[in-house]
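Okay, so subunit A shows up in both of these, paired with subunit B first and subunit C after.
Let's look at the complex of A and B:
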């Protein structure tokens, strides 16, 4: 499995994972903000195939949970109430891609709610929150990387193509941004933006901050490519025929930067997902009740949660395939553009 | 010598630039520490005006910057509104704790990464190399945040290690060795998380650098002379591969500082991380600027040390500058 094949496998994995998040309404069994105050911190329900009598069922089922005797937060399975897992059930309202209204969900249970990842302090389904939270985190990462790469392209192309004092100025500025530890930079930028904002504003803010933090590295790489590309013979020939700057850049020079940009994007996306998570985890990012992968984990900052409700950590494990996908893609892309190494 | 002068001039310009940048962001900042006071009916609007004037928040920005920088030269980083004392002493205590963490982590990480990387390069393309590649890939995939939280949960479950903080409550009453033991126990988790977060990067670079050198003719010759394998790897190959690795030392400091920020918050280590977070939420701007500047100072200082090391280790650089 080499080269092109490997890249398409990684892409396939990523597309699948993103579809899961993009169609969150369908894959999540419940509304992520729907509370059930009577069942806070439910542990994850286990799926069974064999019932009390020892009969095997092809349709998996879970048992409803009940409070253990003389306890206020310890649950155990109520063996008398089985909740068969149903597929393609009707449930909470949502819209496909925010447009088409629907009530269809991939799975659910009929009589009671089924919590495969447990519930949080307000009795909200963690699985639904994870799937919906992925929307915020993944798209903050993707859009942030998009903005960053675009910014890097503009700055790098300007610096490399025009050269002279513009090049010096832009590259010194880039060095400045590269010199700061990135999380400190992220903090500093966030510090000077409004704190109490609506979820959408927070989302856009995060993307802007990410773009502002990350542009320097792609800009330097693009500059290098542009510098070598503009001295190629066919570019000089085109210039000799009277081609304008705009035409040269668009037609001959910028296409040469595409592989560098793609590789950079694949490296940046997981980093930015992580950055969004960090901000939201610390309460500087997307606020509740909108779920994001960061604020999903932030309850673990409380000691009591850490001690008693370990399943609040599960989302951190389930998000690993996403990072794996991007890492695999980035390393394959990097192998193809070996000449441009990471690091300064 | 010119090389070193050039590097230090570069560092100074960088620091000045960062200070300017950090200060410039305050223009964008909506609201200030004193805005919250407006909501308090017991504080007269005139008082706020006086307070703002005392801390020069009402003066134009360039003036404030010049004033701040001239104070900086005298070791005055401004005033913390929330703590009502100068920023610098506050920052220094936290910075000491952060440095304790990052410095230990860096030493440990390199101590582990060098043998692992060399071992991997020695067996390039064979089982040990593959095992290590998989290991580093797995570590790369796990986000720092998940790693730190996971460690914390394990610590809580095992109940052997302290789950946060820097010292125990009875720290003052302990003997010297008791204190050292207590501190080390508290450091174990954050340091382990930090080491694991930079380890894959370091191992991969060491492997690449050493593997590149191992095929060099001079090593083949040395091997032909019957020089033992260990000497060959550590005394011949490693110094030859050192140049890119020393530059990586500087780079790894930045990664560690950023990683430490988050891990400190998660593990409630009283370093710059939690302090800065608190300052951001309270809009205590001089603390934020000071913290960012201090971290850049560490990074620049680390890079400068790396440059010194490079100057000492690589004769080519000495040659180039004396010519």
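Let's look at the complex of A and C:
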């Protein structure tokens, strides 16, 4: 069963990536909001194994960066100051899963900070911001997809199973939602909200918006599956034996939608991550200084950043495995569904 | 400019400079420039002799709303009007001193109440009609007419009484002031002299405010500036052509301006302006942000980048100190208890890292500020104003004295609470289109976190920000900037005076809310009418010191004026006063004609 194995691999990849984000405090070397005002727009430090004298070191090290003469933002390596990479170091406070306080970090450097992905306009560590930013973006994606799929399931099942005017009403509503220019609606919505939205409120708002606008597509898919499932012989037979609507839905019809729903969820998560990024990019997401992937990329709106600091693009590249993981999973699930259908 | 330094509440909104409108029929655009006639009293400008011809292309951040100086309130309109109109006495933007313009001379009476101005002889509007004292009388009559609603009308009122004027002959006008005015002849800068022959009839019909749309046929509009209207393409560009009757010449006697055409392109974003400049579509650029300036400086091109030094823009943070009304929300009333506490504001000021703002926001191309007068305005700066370095200890001490204390918040960080145990949390609004100010806000947010304050930065679209600050007053704190249009303090008078519309922390008060605001009002009103510079300076210094003492505005930093021009542009001498690069537009020229011809 190569399909099943492939699914496991994709799942493993995703679990790994999510653990990285879930335990952001441990994997990120620094506090994502801490500014280092002497080091704005620091390029990523390169890790070396061979020192100035040509000696090899098993422990990688970076050289501290210094400003080039008469420059604000051009740095060069200071070959006299090596920063060996240390593992399991003590640093900024954080809490494991928001509960257990700790100061242990996977890696770091003594005396000076080490920037593996460079720093932003305020000298904040991009790597730490990326890892922490994933919390907002990934979980907005996951929760948003969950809400959407659940809503889609309820609406789709109701429309498909009961049919008639209920079907018409719900499906027209779905079409309406598909056609809404929701980005503009969101701008309008934001204008009515209180001035200062706390990061948590902003996060919940994003989820609510993502869920509210996304349910129409899964609802239509579910409706299709339910329509065909309810006409199956064994369903008719069960009904003939006096099974109630609730029983039929629970026992026979909804299980038939599971693979469609899983595939949908796997496709929706990366879509919603992107949606969160769009919102934050446009300033409608979680407010600074809380990092999110959209916030990380929003500085690229400025031309000067776009042409001067290439490492500001790096977060976009590192997001790829996350998307790849979900889309890979979705495609495997899709294949399995097809195979299942053919098998029937 | 930053998206520019965009959203500065330009002083011009309140005191627009002047200009004129003129419309004209007649004289189908003289094909052959008029011969210099011996009776013309032209102004000879010193400076590098340039080549005639060519067109200069400039980007504007928005389409001007009007060409009519009587109603213009937005910066793009002023930028265009300044090149089409002229005033009686002009402030040289480079020297910051007054120079003769349409008036070749002026005299103040010993009591300071009467100014006698003598017009140059033989001057003509851009449509060929000649100028005389009646045009000047008409102009000021219209500006003073309440029904016209000229935004700069207030500048002609002294304690509510208007100035009056009469002519003694066709070239001489006498201005009578109700009170002596410390600004002296600088007050004549910016009042565009209007063509009576075109505007008198519409004025009498009450239609003058409707004139001057960009689509006006070129022969129905005239002025005394170096350029006149040629073509307008909505949404794209405004083309001006050389005014053949312009009244200035270079030292060799050739009539200015050198350029045949001046083209304004409408390019809304600062980044897009940079790209246009880089690709050679525009010839000069100003109002650049430091980051874009260094991008342009770093990438070699056929242009020169110039840092003209500290300008007159001041950026500041202020708290909502408006009197609470029944509409004010309870949270704001509660927070205002902190904001009204002088020590609280002082602590905030002490905690702000101004050096970091200059370094991170302006890449070092700017100056930290402790008062409203920027280092670019040397004459009016108060040398006695303290420039304390950032001190968190002092800030913490001040908060303690004011009854604040600290607790440990749920996330383990220390949180500031007031004497009633309420955590100090507030929001700070800033304009979403101004990246510089958004950055300042982010730095301040972090600075105040060190004091245990939780600040939310809220970027708002500029109009809704202004609406909150001046109308609804629903905000806690705000980061804003203002660009003074002149070095003289009177251009900022509405910021200083408690009755002023841009007295931002508590605008348009019927009576000064505090004793120190009353004292500032008194000082500023008094300096307005003081006779000598020294007297005015003493009064103005005291006002600056009071502002520092009570810190209703916490000053942050002032950026340098950053500009650039193609190497082929001659006489490019940017000034730190608006309009930074076009102030000497009549002298700008293109050195290399071959290049132009191919464009």
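Following the convention adopted for this analysis, the second predicted complex is superposed on the first by the 318 of 344 C-alpha atoms of A that agree within 3 Å, B and C clash if a C-alpha of one lies under 4 Å from a C-alpha of the other, contacts with A are read in each partner's own complex, and residues count from 1 in each chain.
As a convention for this text, contacts are C-beta pairs under 8 Å (C-beta built on N, C-alpha and C of every residue); 3 or more make two chains touch, one makes a residue touch a chain.
If you're wondering where the values come from, they're calculated on a predicted model, not measured in any experiment.
When the two structures are aligned on the shared chain, A:316 is found in touch with subunit B, with no touch to subunit C. In the superposed model, A:175 lies in contact with subunit B only, and not with subunit C. In the overlay built on the shared chain, the residue A:200 is in contact with neither subunit B nor subunit C. When the two complexes are overlaid on their common chain A, residue A:188 makes contact with subunit B while staying clear of subunit C. Counting the residues of subunit A that each partner touches, subunit B and subunit C differ, and the larger count belongs to B. Of the two partner chains, subunit C is the only one that A:40 touches; subunit B does not reach it.
Shared-chain residue A:307: touches subunit B and subunit C both.
In the superposition on chain A, A:281 makes contact with subunit B only, while subunit C stays out of contact range.
Once the two complexes are overlaid on the shared chain, A:50 sits clear of subunit B and of subunit C alike. 191, 195, 283, 303, 307 are the residues of subunit A that lie in the contact sets of both subunit B and subunit C, per the superposition on chain A.
For subunit C in complex with subunit A, the residues that touch the partner chain are 271, 274-275, 289, 291-292, 294-295, 298-299, 353, 356, 359-360, 363-364, 412, 426-427, 429, 432, 435, 439, 442-443, 445-446, 456-459, 464, 468, 474-476.
Chain contact summary for the complex, subunit A toward subunit B: residues 172, 175-176, 179-185, 187-195, 274, 277-278, 281-284, 294, 297, 300-301, 303, 306-307, 310, 313, 316-317, 319-320, 323-324, 327, 343-344. The touching residues of subunit B, when paired with subunit A in their complex, are 14, 17-18, 21-22, 25-26, 28-31, 137, 140-146, 149-150, 152-153, 156-157, 163-164, 205, 247-248, 251, 254-255, 257-259, 261-262, 265-266, 276-277, 279-281, 283, 285, 288-289, 291-292, 295-296, 299-300. Taken together, the subunit A residues at the contact with subunit C in this complex read 33, 35, 37, 40, 72-73, 93, 101, 121-122, 191, 195-198, 283, 287-289, 302-305, 307-308.
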